[in-house]
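Look for chain A in each of the two complexes below; its partner is chain B in the first and chain C in the second.
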Partner chain A sequence: MLFNSIDFAIFLPIVFIGYWFVFMHSLKGQNILLLVASYVFYGWWDYRFLALIVFSTLVDFWIGNYLKKTTDTSKRKILLYTSVFVNIGLLGFFKYYNFFIDNFTAAFSFFGSDIQPNTLNIILPVGISFYTFQTLSYTIDVYRKKLEPTTDFIAFAAFVSFFPQLVAGPIERATHLLPQFKKKHAFNSKNAIDGLQQILWGLFKKVVIADNCAQFANDIFNNYPAYSSTTLLLGAFYFAFQIYGDFSGYSDIAIGTARLFGFDLMQNFALPYFSRDIAEFWRRWHISLSTWFRDYVYIPLGGSRGTKGNQIRNVFIIFLVSGFWHGANWTFIVWGFLNACYFLPIMLTNKNRVHTNIVAENSVLPSIKEGMQMGFTFFVTMIAWVFFRSENVTHAFLYLKQMGTFSLPFMEKLQLERFAFEIVPLIILLLTIEWFTRKKEHPLKGTKQPILASLILMLLIFVFGSFSKLQEFIYFQF
Partner chain B sequence: MMQLFFKRIGFILLLAIGFATLVSAGSLWLLRQSSFYKPSFLVNDIPEKDFDYIVLGASTGLTTLNTSVIDSVIQTKGINLSMDDTALSSQYLMLEHFLAQGKTTRYCVLAPSAASFDAKDPDISDNDYRFLPYINEAYVFQYFKQYASTRAKLISNSKWLPMLGVSYFNVEVFYPSLFTIIQPKKRNRFDAKGNYTYPIKNNKDAAISEFKAFPVSFSNPYVAKIKALCVANNIELISYFSPIKAKKVIAKTTSFPIINHSDVLKNEAYFYDEIHVNTKGRQMASIHFANVFQSLLK
Partner chain C sequence: MKKFVSHFFKLLLLSVLVLIALDFMYTKIYSSARYNRSKVSWVKNISNETPLDYAVFGSSRAAFHIIPKQILEKTNQFGVNLAYPAATNLEIKLMVKHFLEEHEVKRIFIQVDKVYNKETIDPIAITPWMPYLRTDYVYNEIAKQDSLAFFKKYLPFYRYMLYDSKLGFRELSMAFIKEDKVEENLGFSGINGTMKKEATFRIKALENKKNRHLLEILEICKKNAIRCYFFTAPYYQTDFNTEVLKENLPNYMDFSKSINNISMFNDYQHLNIQGAKAFTDLFIGTYFENKK
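Then we have the complex of A and B:
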């Protein structure tokens, strides 16, 4: 079920009314309702894959409780590895099986051995990368004794499958979200209105910014040999805003929806395109994944401690794994590698924590230096996005090569065919709103004119939203 | 607390619907005053009432028959009312729209793609939204109402709630309506006589020697409907087959004249793509048409 669909517009009020009117006095009832609603939400796409969520839930629930009972270190390790094996195994099979088979075949062919392995026609279950990481966080935290395992299966199952963030995050930590399923929620009008406003802001980013940019980005990336260098540059620019609007919009809708039910989800994006260097960018982009990798991979590897060699190794591991997490394609690995290359000089010169505050914190506009830093960071990020978006690495290189020829004419075909340039003012509007509200979690939070602000946003969605060409959320495929 | 929440949400939603309705009605009004799309161009930019001929078609009719060339060759008065990405059903609607303006014509040249004559048209065409500003006209409403698709329903229900159609087709409707505030006379890719041309992409000079047969049997029910509408309004219907690269239409005999120029251009240099001619091809095809059409004129 898509957040920007009629189905969801009907589904959400039904669950909301059931949650606050029918089960308002029963925490168990509320959790059961959320669990059923989450399974319906997921099953709407393909009910067969519900079995995977249920399996992952059962395994980690059982392992969590068994971890509590045993103090034997080797047994505890076996239990942890079982959870990792099951969850990463599911992910590996459904997401990476064909990738590895294809690459092994290519490698053997390169060395002269002709093998004919069987590839499988596997459908990637939506959101598998998200919920497997979420359940893993539970088991790891229980293993590390940071979290008491729950004995309430309903609460745990609802935590794993919580529909607002089930298919595309934010990837919640059990330490943060699970206790919220054990606490009775009282309806808070202010919170609910804030949730609705954040949903509205997320819809604006998705339907107005991302989906409009998508039409042009798709056209340019799919037909890049036919376009001039300047058009390709614009294509990369559009994709940068498509992916930002799409994913951060999804996160806003998820956070807002959860807030309607009294839940607090972690912030997933914090104005990443206002970052002054790549380290700041990665503290502001897909925060829930970055911090997951930091806590469960990077720090256990030694993080930024140890020899320079170890530090470099850890940076490359974290970025390559993060790239690979996005999909079974070399494009994502190169994207991760490129980001590691951007990040490394900053880390090696100990400048990776220079920009920890929001840009121009005490002034209205950024300084020239800050402006140039933001522009440069955006540009290098945009170059990396070309790999992320391209079908394969060869296409990405050809795209960049053609983009680097600096040839005119500018926007030849698009200008004639559609109103491509009219998307640019919308992007400027987005950046202006975000700039002037950059200290808030979302632009409508605590606004003095909530009704007026909501109305304006609704009208903007209404007149500029891309309804006839709705696009799926990009991160559904991960 | 919950009651207050619902009251506030309801109030904001009502306000939003009210504003959206106002904006939509304004947008459609602006488009009705403009020349941006063919339906309003016909109403606002064409003061003439009587024509010798009109061209109805899709992109083939739009880019093949240059009414300026035809009129200069045979001293007639014609207008091209073709719209790209439309089917015969849309051309029927355009004819209704033309007649509803109190205009008349002696001949109606039906020039869609050859395949359209045998198509089924189960849904509205991609560019039919251009009639949205005229949804209050009975013939436009009836046209959209007959289709079951979501987009057709959104347009037909725009008669009561214009925000439905305007929001769904906002890129195609709302943006241009803003545009018309600055340039009310701007036309969307057609000239003052309704013509448009594709550029010359390459100068590949290659003779076409073999033409594959392309049978047309006029099975689309809209052929008969257009014919009936023409008869009722004393208009003579002519069907025209524009040049196709390496294909020759073999048309079934009908009760109306056919000008079959599908194989008249025998060099790739005249084509933009498989079914569209370029500027050079348009000039040639228009002259060929004018010569044959002159012999049909009484």
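Then we have the complex of A and C:
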């Protein structure tokens, strides 16, 4: 079920009414409702994959409780490894099996040994990368004794499958989200209205910015040999805003939806395109994943401590794993590698925490230096997105090569009537709104005229939204 | 909760009002003769001062091929070309009905070809009819085949959202920005390209049966004392067999193999401007008395 579909527009009010009007006096009832709703939401794509979530939930619930009972270190380790093995194993099988088989075959062929690949026709279950990381965080935190394991299976199952963030995050930590299933929520109108506004803001980013950009980014990337260099630059620009609007829009809808039920989800995007360097960008982009890797991979590896060699190794591991998490394709690995290369000089010169505050915190406009820093960071990020978007690494290199030829005509896509000339002004509108509300979690938060602001946003969605070609959220495929 | 429910319903109500206003505005602009962006809206703009001698209907294979100005110059017969790209039999029937609501005409010409058997809606050609969805005969035809027709008709602005790439803001703004050349050329629009590669194109054989939309057009013509002619425009080197058309359509003329010069084609089924001029001459010779 897509957030931007009629199905969801019917589904959400039904769950909302059930949650606040039917089961308002029973926490258990509310959790059961959320669990059933989440399974319905997920099963809407393919009910068969529900078995995977249920299996993952059962395994981690059991392991969590067993970890509480035993103090034996080796037994505890075995339990932890079991959880990691099961969760990463499922992920590995569904997401990476064919990739590894294909690459082993290619490697053997390179050395002259011809083997017949035994690839499988595997469908990737939606959201598997998200919920496996979420359940893993539970087991690891219980193992580390940072979290008491729950004995309430319904609450745990609802935590694993909570529908607003089930298929594309934010990837919640058990320490933050699980306790929220154990306490009774009182309805708070202010929060709910805020949630509604954040949903609208997310829809605007998805339907107006991302889906419009998608049509032209797709066309340019799919036919790049036919276009001039400036059009390819425009294609990369469109994709940068497609992926931002798509993913941050999804996160806003997820956070807003959760807020309607009294839940607080972590912020996943904090205006990443206003970053002054790549380190700041990674503190603002897909925060729930970056911090997950930081806490469960980077810090256990030693983080920024130890020798320079270890630091460099850790940076590359974290970015390459992060790239690989996005998909079984070398393009994502190169994208991760490129970001590691961007990040490394900043870290080695100890400048990775220079920009921890929001840009131009005490002024209306950025300084020239800040403007140039933001422009440069956006540009290098955009170059990396070319790898992220391309079908394969060769295409990405050819795309970039052609982009560097400075051929004419100048941005022919912008000159054709059929192509949306309104997209660029809409992107400028998005950036302007975000700039002037950059200290808020989302632009409509705390606005004095909530109805008017929401209405204007809805008008923009109705008039400029892309509805004829409903685009799935990009991160569903991860 | 009261505060939230009140906020939600206020927003819902205002949104519905906005949607109604948008629907009204878009429909008004698209169906207004002043801003015509399609031949469907242009029909209302055609002057009734000069009586029409003929009208041409069909797809791009008529829109790109028949030049009414050339016919006017050579025969003094005043007519319009109401064919438009992708239109098939159902859309042609709608256009005939739409046209006869506003105008009188002595004879009509309908281009038929490889899509003769098609009776279903064409998803592209139906788009310009969306602003007219609340007209009974348009709705009745669409509702027979489109399960969403009811929602498109009654949910305000839904039809414009669903067809945003063809009827959205961009297209609407073009009604004000872009100069309209349909009227100037009396409905003819030419293409400039030249076909380069020689080949023989295969066309699937037609099924020998009547087409209900074309039968209905014949009935309409009979009722209004209009002479109806069917023809097939030129193809470049095809194996198209027109026997089914000859058998099922009255006053049928086959021009499918009438032009063989590759330089007159843009592609195997469309003539370029030079080809259109040559074909219009052929058309004049067949159907019009030279009055000049």
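The working rule: the second predicted complex is superposed on the first by the 474 of 478 C-alpha atoms of A that agree within 3 Å, B and C clash if a C-alpha of one lies under 4 Å from a C-alpha of the other, contacts with A are read in each partner's own complex, and residues count from 1 in each chain.
FYI, contacts are C-beta pairs under 8 Å (C-beta built on N, C-alpha and C of every residue); 3 or more make two chains touch, one makes a residue touch a chain.
Computed from a predicted model, the values in this text were never measured in an experiment.
K.L.:
After aligning the two structures on chain A, examine chain B and chain C and state clash or fit.
P.N.:
clash
K.L.:
For A:55, select first, second, both or neither according to whether it touches chain B, chain C, the two together, or no partner.
P.N.:
In the superposition, A:55 contacts neither chain B nor chain C.
K.L.:
After superposition on the shared chain, which partner residues are touched by A:422: those of chain B (first), chain C (second), both, or neither?
P.N.:
A:422 sits against chain B and chain C alike.
K.L.:
Applying the document's definition of touch, where does A:379 land relative to chain B and chain C: first, second, both, or neither?
P.N.:
Neither partner.
K.L.:
Would you check which partner chain A:467 touches, where first means chain B only, second means chain C only, and both and neither mean what they say?
P.N.:
Both partners, chain B and chain C.
K.L.:
Using the superposition on A, tell me which residues of chain A are in contact with chain B and, in the other complex, with chain C.
P.N.:
Overlap of chain B and chain C footprints on chain A: residues 20, 187, 189, 192-193, 196, 422, 451, 454-455, 458-459, 462-468.
K.L.:
If we count contacts the way the header does, which residues on chain A are in touch with chain B in the complex?
P.N.:
20-21, 187-189, 192-193, 196, 212, 416, 418-419, 422, 451, 454-455, 458-459, 462-468
K.L.:
Okay, in this complex, where on chain A does chain C touch?
P.N.:
Per the touch definition, chain A meets chain C at residues 20, 187, 189-190, 192-193, 196, 215, 417, 420-422, 450-451, 454-455, 458-459, 462-469.
K.L.:
Can you tell me which positions in chain B touch chain A when the two form their complex?
P.N.:
1-2, 4-5, 8-9, 11-12, 15-16, 19-20, 23, 151, 163, 166-172, 174-175, 189
K.L.:
Give the list of chain C residues in touch with chain A in this complex.
P.N.:
That would be residues 1-4, 7-8, 10-11, 14-15, 18-19, 22, 157, 161-166, 168-170, 174, 178 of chain C.
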